[in-house]
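Heads up, the next two complexes both have chain A, just with different partners, chain B and then chain C.
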Partner chain A sequence: MAENGIGARSLRKEDARFLRGSGNYVDDINRPGQAYATFVRSPHAHARIEKIDTSRAAEASGVVGVFTGDDLAADGVGGLICGWMVTDRNGENMKAPPHPALAQGKVNYVGDHVAIVIANTLAEARDAAELVEVDYGVLPANVDTDKADADGTPQIHDDIPGNMSYDWELGDAAAVDEAIESAAHVTTLEIVNNRLIPNAIEPRSAIGEYDPASDAFTLYTTSQNPHVARLVLSAFCAIAPEHKLRVVAPDVGGGFGSKIFIYAEETVCTWASKKVGCPVKWTADRSESFVSDAHGRDHVTKAELALDSDGKFTALRVSTKASMGAYLSTFASCVPTYLYGTLLAGQYTTPAIYCNVKALFTNTAPVDAYRGAGRPEATYLLERLVEVAARETGTDPAELRKKNFIPPDAFPYTTPVVLAYDSGSYEAVLDKACDIADYRGFAERREEANTRGKLRGIGFSSYIEACGIAPSAAVGSLGAGVGLWEGAQVRFNPTGSVTVFTGSHAHGQGHETTFAQVVADKLGVDFENVEVVHGDTDKGPFGMGTYGSRSIAVGGSAIISACDKLIEKGKKIAAHALEASESDIEYDGGTFSVAGTDRSMSMGEIAFAAYVPHNYPEGLEPGFEESAFYDPVNFTFPAGTQICEVEVDPDTGEVEIIKFSAVDDVGTVINPMIVEGQVHGGVTQGIGQALLENGVYDGDTGQLVSGSYNDYTMPRADDVPTYDVEMYETPCPHNPLGVKGCGEVGAIAAPPAVINAITDALSTEDIDMPATPERVWQALAQA
Partner chain B sequence: MYDFTYHRASDVADAVSKVRDTGEGQFLAGGHTLIPTLKLRLAKPSDLVDLQGIANLQGISASDDGVTVKAMTTHATVAESKDVQDTIPALASLASGIGDPHVRARGTIGGSIANNDPAADYPAAVVGLGATVKTDQRDIAGDDFFTGMFETALSDGELITEVSFPKANKAAYYKFKNPASRFAIVGVFVAQTGGGVRVTVTGAAPCVFRVSEMEEALASSFSSDAIKDIKIPEDGLNSDIHAQADYRAHLVNVCARRAVDAC
Partner chain C sequence: MPTVSLTVNGKVVSAEVENRTLLVQLLREKLGLTGTHVGCDTSQCGACVVHINGDAVKSCTTLALQVEGTDVTTIEGLATNGELHPMQEAFRDNHALQCGFCTPGMVMAAIDLVNKNPNPDEQTVRRELEGNLCRCTGYHNIVKAIIAGGQAMGG
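Showing the complex of A and B:
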């Protein structure tokens, strides 16, 4: 292994600036003459707007502009879009309500955007915003996902009866019905997947700037995918033609999905910068982030798992209601469908699966992809079902899983829910996890805990996810409005250093390090001499951005493709200079040599020759820079087993995680330190969902009750244990690096492991996430 | 926040007169409730009179009878005071568990009890130890000081100057924290003093209260077993998304037993 090549624990290049506080986030950017925006937001969950009077605000000190939905409409600014068309089980397109960037006639959740007020200072903008007078006709609120389609529930959008966007299905209903009827045992479970609020440490922020000289806009924004933002703002919101709009997403402090989407704020700030004639800056405060970032999860599900008399799974039937919030956010529709139903086979050979999903509107913040996106919901459902089935049938939960795992020789394996798994070593991974967790010693530890008055439990989660999103043709056939390839450009500078432009975007993942390791390894250049550039639509090729654990699998593969092109060109240059046939040139680790001789040239010499082509192959273009676009042939399928061991204090209901063991197969590992960090972060988010976090709207008023850190419980260091994380590398067979992606595994895997441990300790299945002390105490009282 | 006029008071008399002379003026102690409230635009004082520079509102003195903590003394100072640790260790321990290090470094005893947040820790000790709250005008018995949710016996413009805590034979505080805010969902202070046993509860109800049934049981037998069957009625207890009244009632018993065991 090269010192900083693939597999090295290279320290993160980006940390030097982050740890010194010299990162460059959107809010750090100030443009000459900029004004500050604040948004007037709906205080009501559901109301008609009878009248908006902006006259007093417009006259207030320092105000340069006040705009409402009518102003956007008058300029032909389009609404926000959902980019994935789901076709429902009757063959009809999903129903997508209009989603104006500023409300037109109606508000549909607390925090919905009513007006923008722009002033010379933020304080003046906020003062003036209080002078915008809005007469609301308050309507009853609908915030309960389970009841959103019931008779009598308030209707949010006039032409969408039953608040239903779509009623979708996947799988063979008849085969599942038959298998369940003839099953030896059927395990039934009703569960809630709690609403989560993303809480990236950096709030969303945007600066729109219009340059009259070039008639072009620049948007600085907290985005995971600046190129996609530019495309949507041009093609759908009609802010500016694509070549007249530059989107810059500089350092971004965490996204977790919430910064994939194209929101009202950046759309309006960009548009308004031309109206008011100066740059317009907006940064969310934390209270705004709570109400206006797209939330995650929020499912209510009933499911049945059928087993034969040998304990083999014969069928799975799932019925889910998924809240969309008040509107369809950018990718909302694909989350509870193609990122959820397709994952319900898990690691198992279940031959018949049927899934029905009703996507429902509620008077809540829009729900969209949040770390894991659909796959945590599928995993939580399936892994809880399997654990309950093991208990009901008196089978060891590890043994029941092994009995049903897809065996290593069965790959490629096509599940009854569309996906074709490429590789996996499920039993070996589970065995390794059991060793790390000392599963055999658990009974003794439980007895010892009993002597201290504590209830000890252990829970498994054997998860799979579909990552490396995604083959464009496949997702196109399922309704995606975009291709999901990635672009890269690798440029040798004449002096031998390398600049890599990627369409992926880093907001905590460490791409500047891992991508540099990959390039250093492939091209034989020093890690320190590789610079990774991302986050600016004016720099490098078009790209699709970072989400769905896709950056290394898709973006990294694009970089490898560009490197391969450089090596091919390098061989031509070397053959000419070394007076050999091109077919005799061998390349290895940065050196081009003539086979069987000691004649060779270094990569640096080749690059120099390409830029100073004095002695150069005839007809070959000078320069040493290549672009590539990589469209994956399949998803990747990271999988693993995570095991959680807890102690419950029966007096208070408090849960302590004693031990958390993870064995994850994310394919080839580029940087183990970064992968472990991703697993640690993901598991902590998973523990947050399982024990702590809950987005709660008041059932009567529709107010967000958990709208601050006084009520929304983020995981803290003392809530989580030191993790035991190990890898099991089964390389992905269909991409050049053998990588699968690691960003989401923890958030996907951890929740059922934690809850299975708690239900094991309590001897009851009747508990929902988050398993707060009060809920655990109640479950114990009722058990 | 909205604009206000900032004043720095030189002494107690100056602070009191400055607040009296302004329209909607307020004292500013550590600011750990007031400043966030201002930032959220939930309060609009015309003037803030900062007490930070008043030397004789700072400090701790101890005697054989107890400790006196001046109003602007921070939680961190109380927690780290050898005098408090030696004389009333339960008080030092309580102060060491308020909020987080930032809060403890700025928040003050006077600010905390004047605000009387239902989930604050200090009220449990003030009542539990039978402390006396001294103001610029009078002495107020701890028992009479806390009158309701965010309500105290202080009149407008009256300023707390110090709190005197009599020494206890035994005392301990046990807090069950809100998982999000880490304020007390329930906190119970138990003290055995010359005047008898006191059991005070914070967090559970709109205002700190005593549990006389537990006090009587502990007076006859100071052990957690003596109170294990004493149930607190749910009526009047707080309910929120973290803990309903029945759970809080249960936790009062758990916290009281753990406090007794820690004595």
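Showing the complex of A and C:
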């Protein structure tokens, strides 16, 4: 392995600036003459806007502009869109309500945007916002996902009866019904997948700036995908033509999905910068983040797993209600459908699967992709079902899983829910996880815990996810409004250093390091001499951005394609200079040599020759940079087994995680240090969902009850243990690096592992996430 | 407007501030020291931690006028002649940061933690980090880094 090449635990390039406090986040940027924006937000979950009077605010000290939905409409600014069309089981298109960036006539959740107030200082903007008078006609609120489609529930959008965006299905209902009828055993569960609030520690922020000289806008924004933001703001919101809008997403302080989406705030700030004639800056405070960032999960599900007398799974039937919140966010519709129903086979050979999903509107913040997006919901219900089935049939949970795993020789394996898995080593991974967790020694540890009055439990989670999102034609046939390829440009500078431009945005993942390792390895240049550039639509090729664990699998593959083009060109240059036939030039690790001779040229010499083409092949273009776009041929399928061991204090209901073991197969590992870090972070978010976090709206008023760090329990250092994380590498067979993606594995796998351990300890299945001490104590009291 | 004078990262500075100006606003907006971050509005996340006379303090809940005459150190003031502080080095060596947003407050809190608890064990570090949130790392590597950084600082 080359030093700092593929497989090396290279320390991160980006750390130098972050550790010195010299990162460049959006709120660190100040533009000359900028004004500050604050948004007037709805205090009601559901209300008609009878009247808005902005006159007092407009006259207040320092105010340079106050605008409402009417002003946006007058300028033809389009509303926010959902970019994925899901087709109803009846063949109709999903129902997507209008989503104006500033409300027009009605507000539909607490935090909905009513007006923007712009002033010379933030304090003046906030003071003036208090002077905007809004008369609301308050309507009854609908915040309960399970009841959102019931008779008598308040209807949110005039033309969407039953609050239903779509009623979607996947799989063979008749085959599933028949298998369940004839099953030896059926395990049934009703579960809630709790609403989560992403909470990247950097709040969202935007600065819109209009330059009259070039008649062009620049938007600095906390985005995971600046090109997609530019496309949507241009094509749908009609802020500016695409070539007159530059979007810069500099250092971004975490995203976890919540910064994929195109929100009202950046739309309005960009538009308003031309109206008021100066840059307009907005940064969310945390309270605004809680009410206005897109939330995640929020499913209510009934599921049945059928087994034959040998313990083989014969069918799975799933019925889910998924909250969309008040509007459809940018990619909301694909989350509980194509990122959920398609994953319900898990790692198993279940031959018949049927899934029905009703996507419902509630008077809550929009729900969209949050770390894992659909796949955690699928994994949670499936892995809880499997664990309960093992208990009900008196089978060891590891053995029941092994009995039903797709065997290694069955790949490629097409599941009954569309996907074609490419590779996997499920049993070997589970065995390794059992070793690390010392599963054999568990019974003894449980007995010992009993002597101390503690209840000890162990839980498994064998998960799969579809990542490397995604083959464009395949997702297009399923309703995606975009292609999901990635772009890259690899440029040798004349002195031999390399600049890599990528469309994959980094907001904590360490692309500047991982991608440099890949390029250093491929082109035989020093890691220190590779610079990775991203996050600015004016630099480098178009890119689709970062989500769905796609950066290395799609963005990395694009970089490899560009490198391959450079090597091909390099062979032509070497053949000419070394007076050999091009077919005799061999390339290895940065050296071009003539086969069977000691004549060779280094990559640096080739690059120099390309820029100083004095002795150069006739007809060959000078210069040494190449662009590539990579469209994957399939999803990738990271999979693994995570095992959680807990102790419950029956007197207090407190749960302590004693040991958490993870074996993850993310394909080839470029930088183990970074991959392990991604797993640690994901597992912690998963433990947060299982034990601590809950987005709760008051049933009567629709107020967000858990709307601050005092109320929404973020995992802290003493809530989680030190983890045992190991890898098992089964390379992906269809991309050049053999990579699968690692960003979401922990958030997907951990929740069922934790809850299965708790239910094992309590000997009851009747507990929902988050398993707070109160809920655990109540479950024990009622068991 | 009143004026506040203090020492920041070894330099004497003074600035006009409103009565309501927070220390973090003074640092970020008046002095251009944007390494100190704001991640919440309830004094919970700790991204804004700086040292006042050597003690870790949340600069989002300190008024600028309260720090008159004090010695304030921010993340920008830790390195010496360009060399990272041992705690900064430990964070880098242990991959204790990902997006970097909580990192300045985390490092400032960590140095104070070690100053007050030399050679801390894992349990102590986890308990003492109560006032700092990280959403990326799961704390695993932060805990390792603080223990290693503490040793490098001389125990």
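The definition used in the following text is that the second predicted complex is superposed on the first by the 783 of 783 C-alpha atoms of A that agree within 3 Å, B and C clash if a C-alpha of one lies under 4 Å from a C-alpha of the other, contacts with A are read in each partner's own complex, and residues count from 1 in each chain.
The criterion applied here is as follows: a residue touches a chain if its C-beta (ideal position, glycine included) is under 8 Å from a C-beta of that chain, and two chains touch if they have at least 3 such contacts.
Keep in mind that this is a model prediction, so the values were computed, not measured.
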| item | value |
| --- | --- |
| Comparing the two partners chain B and chain C, which touches a greater set of residues in chain A | C |
| Chain B versus chain C as contact partner of A:578, first or second or both or neither | neither |
| Partner chain in contact with A:652 - chain B first, chain C second, else both or neither | first |
| Touched partner set for A:186, first chain B, second chain C, both or neither | neither |
| First, second, both or neither for A:11, with chain B first and chain C second | second |
| First, second, both or neither for A:709, with chain B first and chain C second | both |
| First (chain B), second (chain C), both or neither touched by A:482 | neither |
| Partner chain in contact with A:533 - chain B first, chain C second, else both or neither | neither |
| Which of chain B and chain C A:287 touches, first, second, both or neither | both |
| Common interface residues of chain A - those touching chain B in one complex and chain C in the other | 287, 709-710, 714 |
| Touch list for chain B against partner chain A, complex | 2, 40-41, 176, 178-181, 183, 240-244, 247, 250-251, 254 |
| Interfacial residue positions of chain A with respect to chain B in the complex | 126-127, 287, 651-652, 692, 694, 696, 705-706, 709-714, 772-774, 777-778 |
| Chain C-touching residues of chain A, taken from the complex the two chains share | 11-12, 14-23, 25, 27-28, 123, 199-203, 251-254, 256, 285-287, 507-510, 673-674, 676-677, 680-685, 708-710, 714-718, 720, 722-723, 746 |
| Chain A-touching residues of chain C, taken from the complex the two chains share | 18, 20, 28, 33-42, 44-45, 47, 74-76, 78-79, 84, 88, 91-93, 95, 97-104, 107, 122-123, 125-127, 129-130, 132-143 |
